[in-house]
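Contents: one structure, followed by commentary.
We call the chains A, B, C and D, going by the order they appear; numbering starts again at 1 in every chain.
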Amino acid sequence: MNHDAVLEQKKIMESEWGGGKAPFGVSWRKYMMWIFIVSDAFTFGAFLAAYGLFRVTSEAWPNTYEVFTAFPLIPFEAPMLFVAMMTFILICSSFTMALAVSASYKNDRANALKFLGLTILGGSIFLLCQVYEWYHFIHDGASLTGNPWGTPLFSASFFMITGFHGLHVLSGLILLTITALKVKRGFYERRGSYEGVEIVGLYWHFVDLVWVFVFTFFYLL
Amino acid sequence: MKTSGRLDGLLFVLFFIIGLIACIWYLIRHDPGFLPLASEHGGFIDNLFVVTLIITGIVFILTHVLLVFFTFRYKGNGNGEKAFWYPDNKKLEIIWTIVPAVIIVALIVWGQVGWAKIFHTNPPDDAFVVEIVGEQFAWNIRYPGEDGEFGRTNPELITRTNPIGLDRTDPAAEDDIVVLNELRVPLDHPVLLKLRSKDVIHSVFLPNFRVKMDAVPGMTTTFSFKPTVEGEFDLLCAELCGLGHYRMRGYVVVQPMEELEVWLSEQREMN
Amino acid sequence: MKTRYLVPMILLAAFLFAACGNGEEDRRADRRPAEAVEIDPATAATAVTTVHFEGTAPDPQRISMAADRSCQELHTEPVYDRVVIVNEDGTLANVFVYVKEGLEGKSFPVPGEGAVLDQVGCMYTPRVFGLQVGQELIMRNSDATLHNVHASPTANREFNIGQPVQGMENTRTFNQEEVMIPFKCDVHPWMSAYAGVLPHPYFGVTGEDNGTVVLDNLPPGEYVIAAWHEEYGEQTQRITLGESERQELTFTFRSDPA
Amino acid sequence: MASEHAVGTVEHHKETFISKYVFSYDHKMIGKQYMITALVWALIGMALSWIMRIQLAYPAEQMPWLETVLGRYAEGGILAPEYYLAMMTMHGTIMVFFVLTAGLIGTFGNFLIPLQIGARDMAFPFINMLSYWTFFLASVIMLLSFFVESGPAAAGWTVYPPLSAIAAAIPGSGAGQTLWLLSIGVFIVSSLFGSLNYIVTVLNMRTKGMTMGRMPLTVWAIFIAAILGLLAFPVLLSGAIMLLLDKNLATSFFIPAGLYIGGELLSYEGGSPILWQHIFWFFGHPEVYIVALPALGICSEVIATYARKPLFGYKAMVASLLAIAFLSFIVWGHHMFVSGMNPFLGSVFVLTTILIAVPSAVKVFNWLATLWRGKLHFTPAMLFAIGLVSLFITGGLTGIFLGNAPIDIQLHDTYFVVAHFHFVMGAAALFGIFAGIYHWFPKMYGRMMNNTMGKLHFWLTFIGIYLIFFPMHFMGTTGVPRRYYAFTEFEYTMQYGGMNEFITIAALITGAAQIIFLINFFGSMYLGKKAERNPWNATSLEWTTDDPMPGHGNWKGEIPMVYRGPHQFSTPEGKEDYVMQSDNTGFEGLEREN
């Protein structure tokens, strides 16, 4: 066998993609989460694209600044204030999630647990806010088949998109809770890797990112 | 590992030859081409079809001759004798990437010229306008009448005697003529079809005129063409629309404008 | 190692649940039989109902069967859409007359013989008819073309049966009382028929020869008799029938509600 | 990260019947489960096509036995039009999703990926097991829809609303359609589970020396198909959710205002039926390649093996797979040239669509070049692979007609389309399955299939496919529309009465020929000749396992290392006419160094 082939084989055996190891040092768990996120992004992408089409083709689209004006305990109208607050809370929870991941990297169990707890808190508040938002929207007469502000596609796509996102937040909260319990019991410490926290973190950032898109396209624009 | 195979190679050859003969026999005997042409733009479609058929036919026969010949010729004995070592040939591969690409781009460009003629040119102002409203399972054909304008319609007004919900309070609707399944168009005169649907998606298919366009509820689609042959033709539905899809039959009558106008005035009296 | 089967078990349970849920639907059809009524022929009463028409009947609309040439070939003379048929004696045909109230809680045997809805010459025959809850409805296609019987009830289950072949018959039954169920043929938009489904046998349709319906063999009592016409709607009258009594009722439909 | 790679060190706990055959974690068993389920579905799908064919050949003929078989779907021995459409819809759905998608990527993706890249199992065997059982659940739900009162879905496998969304429009759009949507939703989840595993396993679990460029073409094809599935299926999921809401909760995403159906004005408002078509075909066209690519991959590998030649232009073959996959996402509009879509968009789609012909042509020419001067061994697998090439050429060329929009005006929704996709997607993919089964059966069950029966099966099927589908080109050119219950209503379609009868007889015979396969398949499982470890003298890693039928974990000892590319047949240096990828001749000592 010629020398070149041997050299090449040597190079291959040491290379990142040469087999026998994970390219970029990313474990299969993390790959799976990334790939799932890409796939799920297409689900949301399809919803948002459909929403965009409804909006462009509808003769009149309600002005969201006139629709989402409720804020608990405030007697006057505060357009978009509530949803801006929700968005802020969710972004904060993304921030605490990042802190939890970095704490877990330092094997700082107490801080990891603390920031995970804060993330769960933020997520729960967001979800409760969304319940309020839905309650108010329904109270004002919106349903899947109609609403007082015009085309029923408005309320239907609102319920569909925020509902689908809310389901994601809910499952994220469940995942976070499980992860937090595992951190508390020292599962990751024993394993020697806090990767689980990082993976849930990826999912949580994704859910937040989707919300930013929903917020931009549905509420702001 | 021992395998027989002389027979298989031979069978491939036989199958190819017999199949080819059977096809040619059938083509000569039954002439199963497009239905007789009756529209202007259809000639382009027919030509494009025939040219594509010739090109793909050559490719089909060439590749199959090679495939069949190779299977016939290169039978191994299964004793571990080596085949010809030939893992790749860049030049060859580039050739058979580029050549099909060029042929295909030519076909696309030519096709697009015709496509533009069919869809991107506005029908003339004096085009004969007919509206076709599909429903399960019939075609409501509406002629605008003397004023050349279609009256308002409103689905809330639909009854058995007013199948498209024509709003008779609209002056433009007064002389509208609605008939069932009978599409009459003038000879050698541009026709503009406006298609709508009452319920599900239908598709107006006039095989002789090389016309096909979906009738989609909630929107109006159009197709314009020029009939060139007098006579009676078929109107079919080409989009699955329910259990009566297969017999959603309409009739197309092409006649000189004068005769058509006589018929229209008869219909107006009956309406 | 038990937990590894947890998820598949849940899936399996979900499937079984779905399978059972499906069975539920079929069981709904069973109805508890109410008390059967014995009618004494000696005391049975009779209500004779005549339906009159006043005013001018609208001109019948001509049906163009050019839409389906296999239908057109079945007729040599023009066909009219006869929604309003006024008989020579001034009575109105195709009125469905029935006992609307007064028989609640009683049950009557279901006739073994089915009611027939025929399709002849691309028209429904009869146009208006009645049948009992649970009685078979036989739908027949006597034409050599596709018909479909599309019933759009509200209380009963909707059905839509295609009949592509001449002589084809399909049967269905209705489980709920409903007056009237419209029938349509989607292939021939001009075709329509109406059926009244009642839990008792006291109904009839006025004919083209006379506009009288005799509701006999009724147990004595107080009733609401109704008459329904597809163009002019429903009218009701309350009557009390004594033993063996015979009463005559008259309904009058007017062309213009003056 | 070395520990991550060792996922494959399977704990050898005690295997029970349930853990071995039912809720198995072993990728090989899961692959077989997919295969058997898909075979059962294939039989059901075929039976449905028989019913359709009998109706088309003998319309309006009273066949009392039909009522015996179909019950209320054929009262009085006549298949009613609404149930003909239901049979047609279910035939399409079953074949596309449950046979071709699950049967190809599910079977061979699971069975082959770890074996061919040198892994002990998939990255996440638990998700792999779930993937099969969610697929099973989807199957059960779909099967249930045959038993609901109004019958299964009947709006075509493309389920265009409003027909599919409104029960009054066609009986199948009642409970049957709801179950259809649910089943497809579950199927998408299953497909997601599968894709996650395939992709991650290929990326992360390759044995030492197995670079991406040394993977057998089957793995490449399945890898790419998995990516397609990952990106295409979620879009269908979104669409299915919206359609389900439209159907059952009266939203109007896809349903416009003012519909008048069954004598009633419906209260929907504002939706767009065209949107569904965009969503569906954005999924639907990649789906075609999710089905086709694995078959093409199998075909490439089988041809190289039995031609005893390296696959000609391995890199071009991979590149063409990638090109086809990429293009498949931007061609969906060619299903909608006459749907009322803006004709300018049509022009764009013409370009992208017909461009797919280029990588497809490259594949065909490379296959031919692989056969050239080979030493061909005509095993059943090889015959099916050659057959696939022929079918792929035939079906691919007709795509050039349909992709060119002006011709499509005439041919859209005619039997020409039926012929086209049955060749290029249906039959070609089916041949891929058969080639794969004949080729890997010894590794699956440790026994050989019967050669003579295999060949008989091939010839009957191959000739049968041509007899069934080739004449449909003629019918389509004449303008015979598809999805017709009978061709009795138009004079020009009636001229094909004899042809329809001919096609039906061919379909019945071809279908019956599959019994030969079933006998061979199940018979060989128990009675076949015991297989050697590498009966075909093939080169890829699965043939290096210790037994013909490897246990869980695949290799008893260490996983072999890879020293060279796949399909190394008749190399000038080698002693024999094949060199296995794990053969370390010339590389002695390299392994120890590491």
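Things worth noting here:
One rule holds for everything that comes next: contacts are C-beta pairs under 8 Å (C-beta built on N, C-alpha and C of every residue); 3 or more make two chains touch, one makes a residue touch a chain.
Predicted model, so just to flag it, every value in this text is computed and none were measured.
A simple rule picks the central chain: find each chain's mean C-alpha point, then take the one closest to the mean of all protein C-alpha atoms, which gives D. The chain pair sharing the most C-beta contacts is B-D.
Centroid analysis (C-alpha atoms only) places A farthest from subunit C.
Our note on geometry: subunit A versus subunit C, Cα centroid distance of 57 Å, whole angstroms. Rounded to whole angstrom units, the spacing between the C-alpha centres of subunit A and subunit D is 34. Per-chain Cα centroids separate subunit A from subunit B by 47 Å. Rounded to whole angstrom, the centroid-to-centroid distance between subunit B and subunit D, based on C-alpha atoms, equals 28 Å. Contact of a single residue of subunit C with at least two other chains is seen at positions 146, 148, 160, 162, 186. Shared interface positions of subunit A, defined as residues touching 2 or more other chains, are absent. Each of residues 135-136, 242-244, 247, 249 in subunit B touches at least two other chains. Chain contact topology: the protein chains form a pattern that is neither a line, a ring, a star nor a complete graph. Of all residues in subunit B, only 135-138, 160-161, 163, 179-182, 242-244, 247, 249, 251, 270 touch subunit C in the complex they form. Against subunit C, in their complex, subunit D makes its touches with residues 13, 18-19, 22-23, 25, 59-60, 62, 75-76, 78, 80-82, 126, 129-130, 133-134, 136-137, 140-141, 144, 147-150, 167-168, 170-171, 262-264, 485-486. In the complex of the two chains, the subunit C residues touching subunit B come out as 61-62, 64, 66-68, 81, 145-146, 148, 160, 162, 186-190, 192.
Of all residues in subunit D, those touching subunit B in their complex are 80-82, 85, 155-156, 160, 162-163, 166, 169-171, 256-261, 265, 271-274, 307-316, 338-340, 343-344, 346-347, 350-351, 354-355, 357-358, 361-362, 364-366, 368-369, 371-379, 383, 386, 389-390, 393-394, 397-398, 400-401, 404-407, 409-410, 412-414, 451, 455, 459, 462-463, 466, 470-471, 474-475, 477-479, 481, 483-492, 495, 535-537, 569-572, 576-577. Against subunit D, in their complex, subunit B makes its touches with residues 1, 3-5, 8-9, 11-12, 15, 19, 23, 26, 30, 32-35, 44-45, 48-49, 52-53, 55-56, 59-60, 63-64, 66-67, 70-71, 74-78, 80-89, 92-93, 96-97, 100-101, 104, 107-108, 111-112, 114-116, 118-120, 135-136, 155-156, 158, 165, 198-201, 203, 205, 207, 210-214, 216-219, 221, 234, 236-247, 249.
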